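Next, two complexes with subunit A in common: one pairs it with subunit B, the other with subunit C.
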Partner chain A sequence: MNRIKAFITDFGWPRIIIAIFLLALFISAPFVGVKLDASFTDVFNRFGQNVIMVLALVPMVQAGCGLNFGLPLGILSGLLGSTMAMQFGLTGPMGFLVAILITIFFGSIFGLGYGKLLNKVKGEEMTIAMYVGFSAVMLFSILWLLLPYTKPDLVMGYAGEGLRRSISLEKYWDKILNNFLALRIGSVRNLAGNLSGGFIFPTGLMMFVAACVVFMWFFLRTKTGTAMTAVGSNPDFARASGVSVEKMRTTSVVVSTIIGGIGILVYQQSFGFVQVYDAPLYMAFPAVSALLIGGASVTKASMLNVVIGTLLFQGMLTMTPSVINSVLKTDMSEVIRIIVSNGMIIYALTRKTKVTK
Partner chain B sequence: MNPLKKFEPLKFISDNIVTVIFLALTIIAIPFSRLSGIYILSNLIDRFARSAFLVFALILPIMAGMGINFAMVLGATAGQIGLIFAIDYNVMGIQGLLLATCIGVPLSIFLGWFCGQVLNRARGREMVTGFILGYFMDGVYQFFGLYVMGWLIPIRTREVMQVTGSGVRNTLALGPVRGGLDNILNLQVGPFHLPLLTFGVIAFLCLFIIWFRKTKLGHDMRAIGQDQGVSHSAGIAVDRTRIMAIVISTILACIGQIIYLQNMGNMGTYTSQRQAGYFAAAAILVGGATVSKATIMNVFVGVFLVHSLYITMPIAGKEIFKSAMVGQYMSDFINYAIIALALVLHAWRNKRNADLARAGLRGHADKDSALAAQAGAVQ
Partner chain C sequence: MANESSLLSLEGISKDFYGNVVLEDVTFTVGRGEIIGLVGENGAGKTTLMRILFGMPVIAETGGFKGRIMLDGKQVAFTSPFDALDAGIGMVHQEFSLIPGFTATENITLNRESMKRNVACDIFGERMSVLDRARMRTRAAKAISRLGVKLDPDILVSEMPVGHKQFTEIAREIDRSNVKLLVLDEPTAVLTETEAEVLIQSMRMLAAQGISIIFISHRLHEIINVADKIVVLRDGKAVKSVPVKGVSVHDIATWMVGREVKGSSSMLSACSEKVFLKVDNLWVDMPGETVRNVSFDVCEGEIFGIGGLAGQGKLGIPNGLMGLFPAGGNASLDDSPVPLNDPHKVLNNHMAFVSEDRRGVGLLLDETLEWNVAFTAMQAKGEHLIPVLGGLFKLRNERTMKLLAEEYIKTLEIKCTGPKQRAKELSGGNQQKICLAKAFALKPKLLFVSEPTRGIDVGAKAIVLETLRRYNKEYGMTIVMVSSELEELRSICHRIAIVDEGRIAGILPPTAEIAEFGLLMSGEKTGKNGDAA
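Here is the complex of A and B:
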């Protein structure tokens, strides 16, 4: 009994409630006429689509920089990557690869500057990160209008300049990871001869995600990663043992920004569109909530937190509209999303972090 | 401040760098916008009357050391709920505004108390928590506006209801209460409208804040803003006083939002409260306030500067870049960037002062060389 109690306090009530809620949604889905196979396909897609942006938050949490509300900076480098690769006319795997390389280049530059800035403002990182992210998104909104993009399917039709609000990836690398070795289970061939229905497992996407998670796991166990965690756990102790606090924090921010950029590339190929202008403005918040739902705190996060959190959060976002709508006939999912995700962040911010067990 | 102290222009500029940058931007934008001085001035008077009250809501939490109260959005939400009822019951003019206040203020007291409790549990990160609390409240408010209204609480007026037949509309015309306060004592001087009663209310609020600083509670708040530990030892109920600061701030935000909306005459039911938060934070920081110090003067300077930029920048941006969208994004960018800059400068100065103090403890005669030596050691 005591062990159950300890588990519950450790895991936290909000997470248990969300897990039970999700389970209830899945159980009730067949009774209200929601197809389970399609739902599972959606959950897996959205999981893969979002999980890398959640993963991007981990290094900064570990290095004691708090929740990276400045994730939009990484996303902007990702947007630069994909739009530039498209402007160069690269398609398919080549295009996606070049997009990743450009993203890494810009992500390092942005991350370096952003990291140096955060070092100057220790203790207020999260509020400042949020506003730095907001202003960067707005600055780039101006740049999307002024940068010399010329490809007709990128720019706005009537003026011939300035990017479109959302750019289709159809002719470039739409679903390049999702469709790679995708498994179809229980699909039926319809009259037109196309496969439809059933559960589709996005193998390529999951392989990419697994590679990223394993990379991060190893990275945190390298010398640099260990030093980073030491800085986050106890900066004074870390400095006494000869670790440069400032350098480790900057490294964590750079890694976070680059992974965030790759995260948006994966998101785009699954979603099928590149969204520019103010679309990245609030993208940090769902990622942050997902990480916290997974059991991370403001100072500690693990790979398990990332995977469980994204599954729970995206599962909830996928299932609530379909199930609740068929029961109540109104779309309450948006309201539930806002309350749950922000409630989760507040819960994490107000929780006293336990030092010892 | 000591009046005999020598005035040093460079130090003055570096202390007020945010205000100076903003002033420079505005001065650059004015000629490009090609707007006449009279147009800008009459707009400024109108906008000042509209939004000054809102910005005052931020002073007390800053005094109590809780930073910018981004959770003032909660108060603005309460004010909007009050207005929804006033419009729904079709109460006209000043009576409608009073009804909205009567509904909004008790709600703000409750929300402020709740917010204070939450912020007391998030010591050291009040600002980010307050910010997220605003988003959280958006969800609760949407639940109330879209589902509770029209289901548990019947909507009487068709203009308030959504076309689908349930919930409150996304934009609400505030026709019945429009100008309810502004038009009561309106003086026309040449091309300028002077809403005297609104100015009176703002003046009264200034007097209230001057008086409040001198009360026991005001002194307690300032003490807490200096040092919570010492205040606690001195017998001040720290948690309670912090909650009081937030409650008063939330009430002021509620009334401020009602004044703002009666002037606008239109309400984005689910978006206006958010804009109130962004605007107020930008205004008080531009006016020269920091996260730990704010005066009435900061509010006045900030409101005038931010609005002059809001009036001129979109048009100037359009003229310079030949694109209306650039001007709009430019305003948004400056709004966010100036808050970021003010927060960064404050945090940076704090850190520098702390480092200097620590270096002083080590007994170096020259603090700068001590800092340099320390920086070298860290590298």
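Here is the complex of A and C:
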């Protein structure tokens, strides 16, 4: 009994409740006519689509800068990366690679400025970060109209200038990772001779995700990563050990911003569209929520937290519309998503003091 | 003891904080119009005693106290400072509690303002009455005149010199009609000598008006000057309670610090004559521990002690040299200059520091012992790292970190479940050993240790001191130890510098008379070797 209790406190009630809820959805899915193979395909796709943005939060949490509510800043650098690569007319793997390089370039610049700002507001990072994200998105809403994009695929049809609300990646690098070495299990050939149905495992996407997770795992084990964790744990200790606290915090913000940008590139290629204007506005919340569901606190996060959290959170988002809507015949998914993601953030923030001491 | 004329008598006051005895059977009386000089080292129990007298809630929260307090022949037990105020006890704290934007009058009569009734009072009650400023001003002027000082009642507190703020505080206490006893906690500490002289005159005047005063001060000559009776507290006991007549500053200093010297100098290793660390005109801007102008030399292989009362700047010296607080001046180690304001370079310069703030600066409480021991060596010296891809990345070497932690767990006899335990789960003494291990892991030639035995039990204290002695003897490590406990310094150091008001008051051998140390600490005497500026 004590071991069960210890396990529950260790694993955390929210995670257990959500895991049980998700399990119940999977079990009930076949009974309400939802295909399990399609559901699993969706869960894996959405996991891969979102997990890198969750991963992007880890360095700042470790360095004591809190949860990166300013993630939209990284997303904006990713948007610059993809739209510029498209403007240059690059397609396929080349286009995706150049998009990543441009993202890293802008991510570093944005991250540096953002990091300098956060160093001036120690203790209030999360609030400031949120407004940094909001205002940057709005500033870019103007820029998307003004920047000299000319490619017909990108700009608005009537005016001939200013980016479209959503830009199709079909001719560029749509599903470039998802389709790479994808495994089909139980698919059937339809009358037209195309494969359809069954479970599709997005091998390329999962490999890319694994590479990113391993990169982060390595990064946190380097001298810099170790110093960063110590800064988050006790800045005075780190300073007395000859570590520059400000530099480490800035580094964490830069890394977080770059990974966030790469995260949106992965999201876009899976989703098939680049969404600009106010689309990045609330992108930080599902990521933050997933990380917290994964069991991270405001001061500590691990790779395991990222993977488990994203699986649970995205699994729930995928399964609720199909299952609940089949039962209730109404669209509950959006409501549940909002309740869970914001509720989780509140829960974690109120627990902040308890976790650290 | 309690005779007819005594106003207050404390009988057998004892107090412990969770088993840690801070006051033991303290008994003394205060007569009407008598000035009692209460002296003792930091931690001797003066503050706790005054808190008990004043009925501070912290006393009741920590289990109350033993003994009786008699005021005017009646036993009293205050449950809050308000009861004490009502009973006629006023207290002036070391820190000012004045409102800067109010005038002297407003501060003196605060919350006891004279009121004027008006028409609105008849309708809405007393709360609508307004301030009677004229009467308040006369009251303030009267209170000030009782002090015998010149002070404009209309001046804003924020515009007053420090001395006047002190008088405003005292005037506020004596403005109460029933005040019988005033407790002044180090009122002269912030004053210049002339201001202190005026304050002492005022105290005499108040005493002549029948108000008793308990005067706490580190300036012993003031005590001798003004007090009728002296009570000396040492380690929670009232060791002396004598009339001031015929007592010298020297006597008081001896009573204050007088303990048996436990360690003997034969245990110390011989120290060479070569100057290893040279500090010239060092200043450090550390809040509460400002170092103004300090110069001293430390020989190679020496254990150099730095003592002094709290707040005089002894802690600022190691913190400043290690680059943790803004500092200036010159320092050289082994004839090469010590870079100030750069913790990284200092650590690379064969220096290490065990901070007095163990939980705040010394440890990563939420991380494992491995991290705590190896982190500084990793960051400052690049040890415990594995180069990957030809040195492009450096990964931490968890294997050598573990070995290092295990080595120190063994040599320093750290009680823990293993190198993976978190630092916050250890006891204070074992945490201190981790801090030492962290410093030793840097293999420093010069080690600063700040308050190494603060807040740890007697057994752990002995082990920590023994470890320092062993590293000094076996590895020739030069150690600069800062401590508030004079006896500890005398038992381990070759020479002891006493810091007073941000300057070195003097450097003494551990065999010097206790009174000598006491005199230096209380600023009664400056050093003979010209270190004091």
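Keep in mind that, in the parts below, the second predicted complex is superposed on the first by the 351 of 357 C-alpha atoms of A that agree within 3 Å, B and C clash if a C-alpha of one lies under 4 Å from a C-alpha of the other, contacts with A are read in each partner's own complex, and residues count from 1 in each chain.
The rule is short, and it goes like this: a residue touches a chain if its C-beta (ideal position, glycine included) is under 8 Å from a C-beta of that chain, and two chains touch if they have at least 3 such contacts.
Please read these numbers as outputs of a predicted model, since none were measured by experiment.
Asks: Looking at A:146, would you say it contacts subunit B, subunit C, both, or neither? Reply first, second, both or neither.
Replies: In the superposition, A:146 contacts subunit B only.
Asks: For A:165 in the superposed arrangement: first (subunit B), second (subunit C), both or neither?
Replies: A:165 sits against neither subunit B nor subunit C.
Asks: May I ask you to name which of subunit B and subunit C touches more residues of subunit A?
Replies: After superposing on chain A, more of subunit A is contacted by B.
Asks: Determine, under the contact definition given at the top, whether A:239 touches first (subunit B), second (subunit C), both, or neither.
Replies: Both subunit B and subunit C are touched by A:239.
Asks: Kindly classify A:35 by the partners it touches after superposition: subunit B alone (first), subunit C alone (second), both, or neither?
Replies: neither
Asks: Just checking: does A:223 make contact with subunit B only, subunit C only, both, or neither of them? Give me first, second, both or neither.
Replies: Second partner only.
Asks: Is there a shared patch on subunit A that both subunit B and subunit C touch, and which residues make it up?
Replies: Touching subunit B and subunit C on subunit A: residues 239, 244.
Asks: Name, in rising order, each residue of subunit B that touches subunit A in their complex.
Replies: The contact residues of subunit B facing subunit A are 67, 118, 121-122, 124-125, 127-129, 131-133, 135-136, 138-140, 142-143, 146-147, 166, 291, 321, 323, 325-326, 329-330, 332-333, 336-337, 339-340, 343-344, 346-348, 350-351, 378-379.
Asks: Name, in rising order, each residue of subunit A that touches subunit B in their complex.
Replies: 69, 117, 120-124, 126-128, 130-132, 134-135, 138-139, 141-142, 145-146, 162, 239, 244-246, 277, 285, 330, 332, 334-339, 342-343, 345-346, 349-350, 352
Asks: With touch defined as at the start, can you tell me which subunit A residues reach subunit C in the complex?
Replies: 218, 221-223, 226-227, 229-230, 233-234, 236-244, 299-300, 356
Asks: If you look only at subunit C, which of its residues touch subunit A in the complex?
Replies: Contacts found on subunit C: 322, 324, 343-348, 353, 355, 357, 360-367, 371, 375-376, 378-380, 382, 385, 388, 393-396.
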